[in-house]
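The data blocks that follow each hold one structure.
Both of the next two complexes hold subunit A, though its partner changes from subunit B to subunit C.
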Partner chain A sequence: MRSAIEVENLSFKYMGSEFFTLRDVSLRVDEGEFAVIAGATGCGKSTLFKCIIGLIPQMYQGDYSGRVRVKGIDPSRVPISRVAQLAGLVFQNPDNQLFALTVENDVAFALENLGLEREEIERRISRAFKIMGIEDLRNKSPFELSGGQKQRVAIASVLALEPEILLLDEPTSSLDGATAKKLLDELREINRRDGITVLISEHRLDLVLREASRLIVMDEGKIIADDDPRSVVRRLLSEDYDAVELPKLSKIAWSLRLCGDGAIPLTQKEFVGLMLRCSR
Partner chain B sequence: MIEFEKVTYTYPSGVTALRDISLSIGGGEIVALMGENGAGKTTFLKLLNGLLKPTSGVVRVDGVDTRTTTVASLARLVGLVFQNPDSMFFCPTVLEEVSYALIQFGLSKEEGAKQAEKTLISLGLWHLRNLSPFTLSGGEKKRLAIAVVMAWSPKYVVIDEPTSGLDGRGKRTLKELLEELLRGGKCVIISSHDVEFVSEVASRVVLLRRGEVIADGPSEEILTNTELLTSASLLTPQIPALFKELRDQGFRGLNHRCIKMEDALRELSSLLGRPNLDLRSGSA
Partner chain C sequence: MSFSLLQSLRYRSLETPIHRLDPRVKLLASLSFLSTALLFGDFWGGLLSVSTAIILTQLVLLGVARSASYLLTTIRGATPLVALVFILSLWGAWDLTPQLVELIYRATGSSIRFLAFITSFNLFFLTTSPDEFGKLMLKLRIPYVYTFTFVAAVRLAPVIADEAQEIINAQRSRGVEFERGNPVKRVRALVGVFIPLLVNSLRRAYEMAEALEVKCFGASSRRTTLRDIKATRRDYKAALLVLSITGAVFAAKYLGLFTGLP
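Up next, the complex of A and B:
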């Protein structure tokens, strides 16, 4: 399997800060993976994303050491626009991404800068709007939208670039449950159908883990766990680790000692299966 | 008491965000305003402290019509924490950010700093006091925004999407904080679509859809009604969804109104015939 993202011994300290936000982080994400990064706020997730797309060290100053490669390219040394065509980042706060007078112009902006033909721009915009279910917002100002609507527009802007790697920094934080679930289903579908690599930081593990092939946990700038989701959840429960909000069903199964040495349930179906076995 | 009497709000663009809302919110409760994105939750919250005035109808805060008073005077009573904390910050340091409003409300610089210190310590933010608010992480910014409002101790604490950007530990701290506010006689109003958090903290849920109240009642009643939640684009919380599935699979005697983790553990251990099970600490 070819690597999509490689990070080796990456450390970064923002200028003026007393401590390193990333401390000797090493990570490899292969093409086609759907990986989730979890961790307490301030653990370095967003900083890691900024390093992957080259915003750090190109736009943020500080102490940077280590090596990052995105599809073999060093994002610290090539124009950010080139990295953006390979890896698109959806920011945590959509206000950081929106600026145009209409939603359509906002999504079209980056595409126009890529020099695409009008028909291709229209095709990509229509596809991204359809995926995010925002066709009705097309002619509205981004600034009169609700928080969740803004988030969907911000994701559509990145989807329209059709990058090979999608990085999403807490994309569901201001979405209602149904929209969040729909988005995660769509991301999984894009991942499976188009082979797009997805790296997503997320607090709502109950929604995202059922789709994930891998769970990476960061704490104070370091990666402290990186394995299949069930193994990581079991380990965090056994260590009484509380910085990450684990699915309630997993916590209940663990507290009731339902699983013994077996797999920790991540879904309702798995939990019910365990209950049926335990009550026989 | 905050009262909404036939309140409608239409934005200058012509979009009606709230339509004919009548309800009252008193002390001693944590009320969660829920609904899909764009349902009118944030508009509702901005009407509480007079940032928006009703297009028709009346909003009264402790008997005062919000149209007849200033936002500044209402702010002492109603503290509003915005969804996006960045829109609240402008001071060079965290400590000054929290002290600022206190000084504007008449405290001396020393008194303001002392009260700010107390608040920052209680929210676990004291170690960040000398940093710029803009360099904080998303969750830290959220806690700071809450600290700014908490510092002057308003009677009504209103928080727009309090859990967005918060991790597990942050949510637990927030839950304890809201419960402490409740014990202190405050009224807490939050807007949220985090059904898991709301099911653990709120005593009452007001459900909005397209600017109208479609349900208003005890959390146990509303958060176990899947049909109602689905109509508002919300997911059923994990525990009531699980209990329904278990009942469908033939497990009898499970409470139809169970929404809290602690109650679920008790019910399930009893169902499994292990009522005295020493539940693993910390994991709940």
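Up next, the complex of A and C:
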């Protein structure tokens, strides 16, 4: 499998800060993966994303060491617009990333900035609208949209760049549970159907781990766990680690010692299956 | 007063022939109102001054655009300023003009001219969406960075207004009173709103700058646009009409058809 993102011994300290936000982080995300990064607020998830896209060190000054490659390109040395066409970054707050006065213009914004021909812009935005299922919002103003709709538009505007990698920094933080679940399902679908590599930082592990192929946990700027979600959850439960909100059903199964050496349930279905097996 | 003036310039999305006009034609019309009012707005033809004609024309056009009431709001909001102009005109010409009636005519003329001047862009702003305005700025070859600044300001104004309201509510729930006390106390209470709003706005500006970078802002010197403004035959006819009327007014002035005070 070819790597989509490679990070080697990356450390970063913001100018004026006393502490390193990232400490010797090494990570490799392969093409087609759906990887989740979890960690307490301030653990360095957003900073890592900014390093991957090149905002650090190009926009933020500080002590930067290590090596980052996105599809073989060093994001610290090429224009951010070039990296953005390979790896699209969706920020936490959709209000600060929707600029235009209609949804259509917003999705076309990055493509217009690249100077693409009108026909190509039309083709790409139609595709992005279709992928996110927001064709009906095309002529609406961002003011009229709900939080979930705004986040969908923000993702569509990044997808219009046709990136091979999608980076999402806590995209569901302002959404209710049902909307968050729907959005995460859609992201998984994009990953499967379109083969886009997804790296998502997320607090709601109950919702996202069902679909994730990998779970990376960060703590105080370091990666402390990186494996398939079930193994990571088991390890964190065994260590009584509480800086990350692990899936509640996994915690219940663990506290009741239902799992033994078997698999930790990550979903309701798996939990019920485990309960039924235990009752027999 | 100033608030009602600004409110009366806010675009309302409506489907009318005036709203559908090319923004360039509306800009041309507003520029025509402005220049006419500036150059010879206080000339009288019979009982009607040129400025009165400008205001009435706008009233009719905005009536077609179902927005005439907003022009009246502007006029109402501007009344204290117009009254000030009237008083200043009377005071300034007191020693120069012996006739009281002529003095009043002159002061009235100046006031109406001032009103025509400040309402000259009502037609444009009330019937042109910020989006169209942005495209118009591009057509006028204004660098995109300025156009974007304008569009982003329009886009973010309601977001910041909501944020200010949230801060005011939060301060109220902590017992801060904004409507009571002497002016110094009121201003001091507003400082408590202004500082968090400023801090939030700076943070927002940083986040927007990041988002702009990843949306390839400035990546190409030849930025393209998905939707452009295109003039139709109707727009050309309207532009011709505006130019003809403006030309006729200018011709009338230079041919001496304005007879001066009635």
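General remarks:
To be clear about the criterion, the second predicted complex is superposed on the first by the 271 of 280 C-alpha atoms of A that agree within 3 Å, B and C clash if a C-alpha of one lies under 4 Å from a C-alpha of the other, contacts with A are read in each partner's own complex, and residues count from 1 in each chain.
To be clear about the criterion, a residue touches a chain if its C-beta (ideal position, glycine included) is under 8 Å from a C-beta of that chain, and two chains touch if they have at least 3 such contacts.
Note that the structure is predicted; figures quoted are calculated from it, not measured.
When the shared chain is aligned, subunit B and subunit C each come close enough to touch A:95. By the touch criterion defined above, A:271 reaches subunit B but does not reach subunit C. By the touch criterion defined above, A:81 reaches subunit C but does not reach subunit B.
Contact with subunit B, but none with subunit C, is seen for A:246 once the two complexes are overlaid on the shared chain.
When both complexes are overlaid on chain A, the residue A:15 reaches neither subunit B nor subunit C. In the superposed pair of complexes, A:114 makes contact with subunit C only, with no contact to subunit B. In the superposition on chain A, A:174 contacts subunit B only, with no contact to subunit C. Comparing which residues of subunit A touch subunit B with which touch subunit C, the overlap comprises 93, 95. Residues 11, 13, 15, 35-38, 42, 83-84, 86, 135-140, 161, 164-172, 193, 195-196, 230, 232-235, 238-239, 241-242, 245-246, 249, 251, 261, 264-265, 268-269, 271-272, 274, 277, 279-284 of subunit B are the ones touching subunit A in the complex. Remark: subunit A residues 50, 53, 55, 58-59, 79-81, 84-85, 88-89, 91, 93, 95-102, 104-105, 108-118, 121-122, 125, 142-143, 157-158, 161 touch subunit C in the complex. Note for the complex: subunit C touches subunit A at residues 129-131, 134, 148, 151-152, 154-155, 158-159, 204, 207-227. Across the complex, subunit A meets subunit B through its residues 14, 16-17, 39-42, 46, 92-93, 95, 144-149, 152, 170, 173-179, 181, 203, 206, 237, 240, 242-249, 251-252, 254-257, 268, 271-272, 275-276, 278-279.
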